[in-house]
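So, here come the structures, one by one.
After this come two complexes, each holding chain A, first together with chain B and then together with chain C.
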Partner chain A sequence: MLPKFASVIAKTREEALSWLSSLENPRIIAGGTDLMVRMRAGKQYSRVIDVAGVPELLTMTETDGRLSVGSAMTHARLSTSEPIIRNARSLAMACGLVGSPQIRNMGTIGGNLANASPAADSIPPLLIHDAVLVLESKETRRRVPLEEVIVAPYVTSIDRKELLGSVEINPLRGYREGYRRVAKRATWAISRLGVAFAIREDKGRFTDVKLAIGSCTPMPFRPKKVEDLLKGAEKNEAIITEAIRMALEEIKLISGIRPSYAYKLPVLKGILEEVLRG
Partner chain B sequence: MKTISFVLNGKKTSIEVDDNETLLGALRERLGITSVKEGCGIGECGTCTVLVDDEPHYSCLTLASKANGRDIKTVEYLSSSGVLHPLQEAFIKSGAVQCGYCTPGMLLCAYSLLLKNADPDARDIKEAISGNLCRCTGYIQIEEAIKNAAEICKCDR
Partner chain C sequence: MFIGQDITRVDALDKVLGTAAFAHDLKKNTMLFACVVRSSRPHAMIRKIDTSAALALDGVVKVLSHKDIPGENLFGAIKKDQPFLAEGRVRFKGEAILVVVGVTEEIARKASGLVDIEYEDLEYISDPFLSMRSPTLIQDGGNLLSHRKVIKGDAGKGFESSYVIVENTYSTTWIDHAYMETEAGIGYTDERGHIVVASSTQNIHYKMKEIARLLAIPPEQVRVVQATTGGGFGGKLDVTVEGYIALAVYHTKRPVVMRYTREESFLGQTKRHPLYIEYKTGAEKDGSLTAVEVNIIGDTGPYISYGETVCLRAAVHATGPYEVPNVLVNSRMFYTNNPVSGAMRGFGVPQLALAHESQLDEIAQRIGMDPLDIRMKNALKRGSLTATSQVLNHSAGLLETLKGIEPFWRARRKQGPGSGFGLGCMYYGIGNTGISNPSSCYLTFTPEGRVEMHSGVCDIGQGSDTVLLQILCDALGMEEMGIDLVRGDTDTSLDAGSTSASRQTYISGMAVCDAAQKMREYLEGQGYYSGKPLKDICREAAEKGLPVFNGHFDPPTTAPDPETSQGAPYATYAFATHMTEVHVDEVTGVCKAVKVHAAHDVGRAINVSNVKGQIYGGVAMGVGLALMEEFVPGKTESFDNYYLPTSMDMPEVEAIVVEDPEPTGPFGAKGVGEPALIPQAAAIVNAIKDATGVRMRRLPCDIERLKLALEKNKIE
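Take a look at the complex of A and B:
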């Protein structure tokens, strides 16, 4: 049995925002795959607002070359969506690896972001696409880069009265793009390591490199110094070796030495080698 | 409490549910559908699988109120015409049922797969049942049964 709570089911964005504003201590539920597990473990929420069926949160639009993804879109839909596969291949791949088929049919991208797990699979791909979250309340609307929204593991700057409406991303075309994940098994396993990459090369040079690493540090991050080093550089083993050394150094700087690094860092090195060599 | 209306195994159904009730609880306790089982209660076994608009969901992590307006199918749907579905026949023939605890969920995932893909290969089949655990068969018989059923369903078209 779940702890007692009262729920309302929002039919529109307007309705969701009204309830967020009027209800005391509201808690949004979308797919429920994180929240229900927490409630089952005894966590109490007094008022729950179900936004999974809000049409405005289930649409994808393209404006000014940016792609806007509704927060209640499921991993299953995103992993098979043509515009996502074409514009953000790493995101389609990551969403296709989340949990299990049932979890992907239920879990949403908004829930994945708002839960802000260090191992959330959608976060590294969204980082390389410079994702911006659209956060709305009855009175306000703000657009905040994903990097700034996640402030600590499982902690975001999203206010309890705010709705994550959509996620805007920069399409990447002409890049070699993907997502590599290491987990104890293919299904039902939290990522031990996740690497999103998008690389453009021309005549033996890296013209642009975007990398994001998840599950290694308290929050998934982009090693920007490594990206800068590679940008414009001639592609050779020496520069790849130096780039990887810098990436591993940065991780140790962020997190210190962790027991898991005896395994993780050599594996990460191998993944980065493969990804950069192409 | 909320009144919810949905289509359950092809029949319109209306029930009252508590706000904090799961779909699993509502199906078992209010509607007597005990083929939907609670194994883990946290999304890690698949015995509670139901089809929501023909896609597999874990009913243990689904609020009952989410069923409102949806099409819900449990394994009873497969034999609602009074004869076993080719998938069920194939499960029996292949020895894909041992204790039977995982069977309803496996059948529903297989049924959902065949709706979308009439000619699944071994990978498609493995993927379709990857959210369901079986502690008895070792999966090989289940995969074989789904493959055989797909062949039979193709011939029936």
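Take a look at the complex of A and C:
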């Protein structure tokens, strides 16, 4: 059963920030697809601030070649948004694979980030787009790269008094970009593995390769050494094999050997082969 | 004519409008809420129970234990062995210990969390192989619940003369029924002082008797009503909430409502039996089966429920729908401290279908025969002897289902790598195994001139209400549906038996025909068929009391021989062939069932849409059984970690209805409820073999198991 709790509905960003500042131990809710589940399982959050309707968090703007995505935008909206499909195809694909239609209609990109699940579908795409989170409180405003915000599974460096206002991403044009994920059933499932990729090639060479792997290590990550190896390299089977070997090594270095790797590593190998071969 | 027509279901409008009152919707003024305190241990003695904190909570009305049961604290569909509330010892994690009654659901649940129970753990018997060795006895009589044999001919000699022998082991796991509506109900005392319980159930008269025994009151003082029920699949055959509701009403004298959360339903209720199956098949060079030897070991959990039923039914269906001259089956069911395994769509036969259909494909492969041809060669047909030497005198349409599939099978073309096709066949005895399982009903008139059908049949969503009305209309020769249905209430109906074993169309349908025959004779005498309006007949009859016509049917069966199980355990059998096309992604291990052709011999389709609906649903369940569903005791808690197929996992299904009329059935009908599921998992597993070369012998064949098998196959 869902416990009783008090909540306020913020109508503006200002209002949300002042509730955050004045309430003791506040919790932010947008879609509720994570928070409500936890509450139903017994977590008590007594002061909940609903930001789902805050107009400033529902907008998307383009400035200086960067795309700013409001944190309360739903997966459903992002998966069908024309600027996202054009500038960040992997993100549109990943958002379209989250949960079920109901979850995509409620769940938001900000919530997906703040929950910081190792299996969050939106994180690998955001990593390859060098996402920066805009975090605001009544007194402060800071911009932090996504990689630095997530400090452990389900733990972020976002302060209780901070509001995740927007996510800024670098558009990628002219890349072969996408998101591959594996789940136990066709939909409504948590990803067992997710790979975001954006690859640019020219005359048989990789000119730029961006990869991010989710659901494999405690936090989704970019195998930067692999990216560096491939950048500028001639595209052939030998380099692809070497790149994959390095990627798998890096995973083992991060997490050691886990029972789930008996499944995940061979699958990742196969997916990376497909992705790099194109 | 109503038979064979797509009559709109009588429950459709209410359900579409959302006005149907499911058990979860039932309410009464001043009602209390009850919930169950369950064991957190799989096997333990209860040393101490402290309810003081729970009782101290404001709004808690009662905390009931086994000491508060005035009658017998044991229930069971076949034998009475399971306590309603544990007495000193718990035998599975989730076993009920106390009932907490509060003024609200919140209070009752909060209070149940405040109960402090001290346990002293006993050895946890976690599987049947441990159970057969362990000195720890789960029940006083020993850990072997049941051992049934099927002996026909001489299997040893049959293998000696076989050209090819294939021997393998198969295993399946616990499956949850996962009905949309969890167990729920409401109870109260009526103006007569009778205890009334309305619940989500598959059988009302059985539950009436269990409540009467529990409370030590006559069954006539108990009324059980079936609320609109959101699915059953066997899980609502056992007593679920009904006993606790009745006990709480008895003690509080107030209306009491209960509804399980999904987590409680997973934890407390029965599951499909996991079976380990050692299977040896022999055949001649031409594909004719010579002998089958099967060793089945099942996990029934700590209480019987339908364990003996599954033990026997799995044994007598072990050969599959084929003529096998020499058969030796040993089927044993052991107690464990796992969840209680009970009835679930197919009673062990889907598990056996996995084995016999995989075996047949391997035989075919070894001798270079087409999988369809080997099935046609061995198919049971009219005049055949089953594994229990029953002669199939009547409806036996397996060959027709194979012929229905044949054009699609012969025209199949692989759609590139990862594409594959598989076949699965089955037969299934309609009704209970070798025991009496009658159904009764009665018909009367209303003074206004309508026929009134009183039916104790529980329609759990499969559409029996509509089907029985169609049967009655045609049996009476009515041109429009001028019938009022009075249903699902022990006060107003006779015992129709459970909605299980695919039996209601066949058995209750015949009971309706029997009553209709009598009513028809009466109407004949009254001139109805020569044009006298029913209104006039009823008005005249009402003066001296409206006549009542009872109907009854008990399918003719014989009890299986205790040593060999030879005999005629069922009056009739349903047959089916499924063909499934899969696509396997060898990189990820994801198998998608793409397309299914499902041909079913149903005797006669009373309502074609209903039949097809059963087939679509059965295929969906088969996809889950084959590819993803797995309850892990102690780990699985909810749909968070129990994967049920979604609409996106569903293949396109083409249902082919075959009608080989059954002379003992209503207008030739048999049944289709369980048959729809039974061959699907086998067809999928055979298709995976065709697609990848890998034979999966353990279910579910989920993405990880399949990928690991593919990797292993690559190395070999």
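The working rule: the second predicted complex is superposed on the first by the 277 of 278 C-alpha atoms of A that agree within 3 Å, B and C clash if a C-alpha of one lies under 4 Å from a C-alpha of the other, contacts with A are read in each partner's own complex, and residues count from 1 in each chain.
Here is the rule we go by: a contact is a pair of C-beta atoms (placed from the backbone, for glycine too) under 8 Å apart; a residue touches a chain by one contact, two chains touch by 3 or more.
Just so it is clear, the structure is predicted and the values come from calculations on it, not from any experiment.
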* Counting only touches as set out at the top, which of chain B and chain C does A:36 meet: first, second, both, neither? -> first
* Is A:48 in contact with chain B, with chain C, with both, or with neither (first, second, both, neither)? -> first
* Using the touch definition from the top, say if A:173 reaches chain B (first), chain C (second), both or neither. => neither
* Please indicate which partner A:186 is in contact with in the superposed arrangement: first for chain B, second for chain C, both, or neither. => both
* To do: Using the superposition on chain A described above, determine whether A:274 touches chain B (first), chain C (second), both, or neither.
  => second
* Of chain B and chain C, which one touches more residues of chain A? -> B
* Examine A:203 and indicate which partner it touches, taking first as chain B and second as chain C; both and neither are also allowed. => neither
* Asked: If you stack the two complexes on chain A, which partner ends up touching A:76: first (chain B), second (chain C), both, or neither?
  -> first
* **Touching partner for A:266 - first (chain B), second (chain C), both, neither** => second
* Asked: Touching chain B and also chain C: which chain A residues?
  -> 1, 100, 186-188
* To do: Provide the residue numbers of chain A that touch chain C in the complex, in ascending order.
  => 1, 100, 182, 184-189, 192-193, 262-263, 266-267, 270-271, 273-274
* Partner chain A, residues of chain B touching it in the complex -> 2, 19-22, 25, 41-44, 46, 49, 52, 55-58, 60-63, 65-66, 68, 109, 127-128, 130-131
* To do: Spell out the residues on chain C that touch chain A in their complex, using ranges where they run on.
  => 105-106, 109, 261, 586-590, 592, 627-628, 643, 645-646, 648-649, 702-704, 707-708, 711
* **chain B-touching residues of chain A, taken from the complex the two chains share** => 1-7, 9, 29, 32-33, 36-37, 39-40, 48, 50, 52, 76, 99-103, 105-106, 186-188
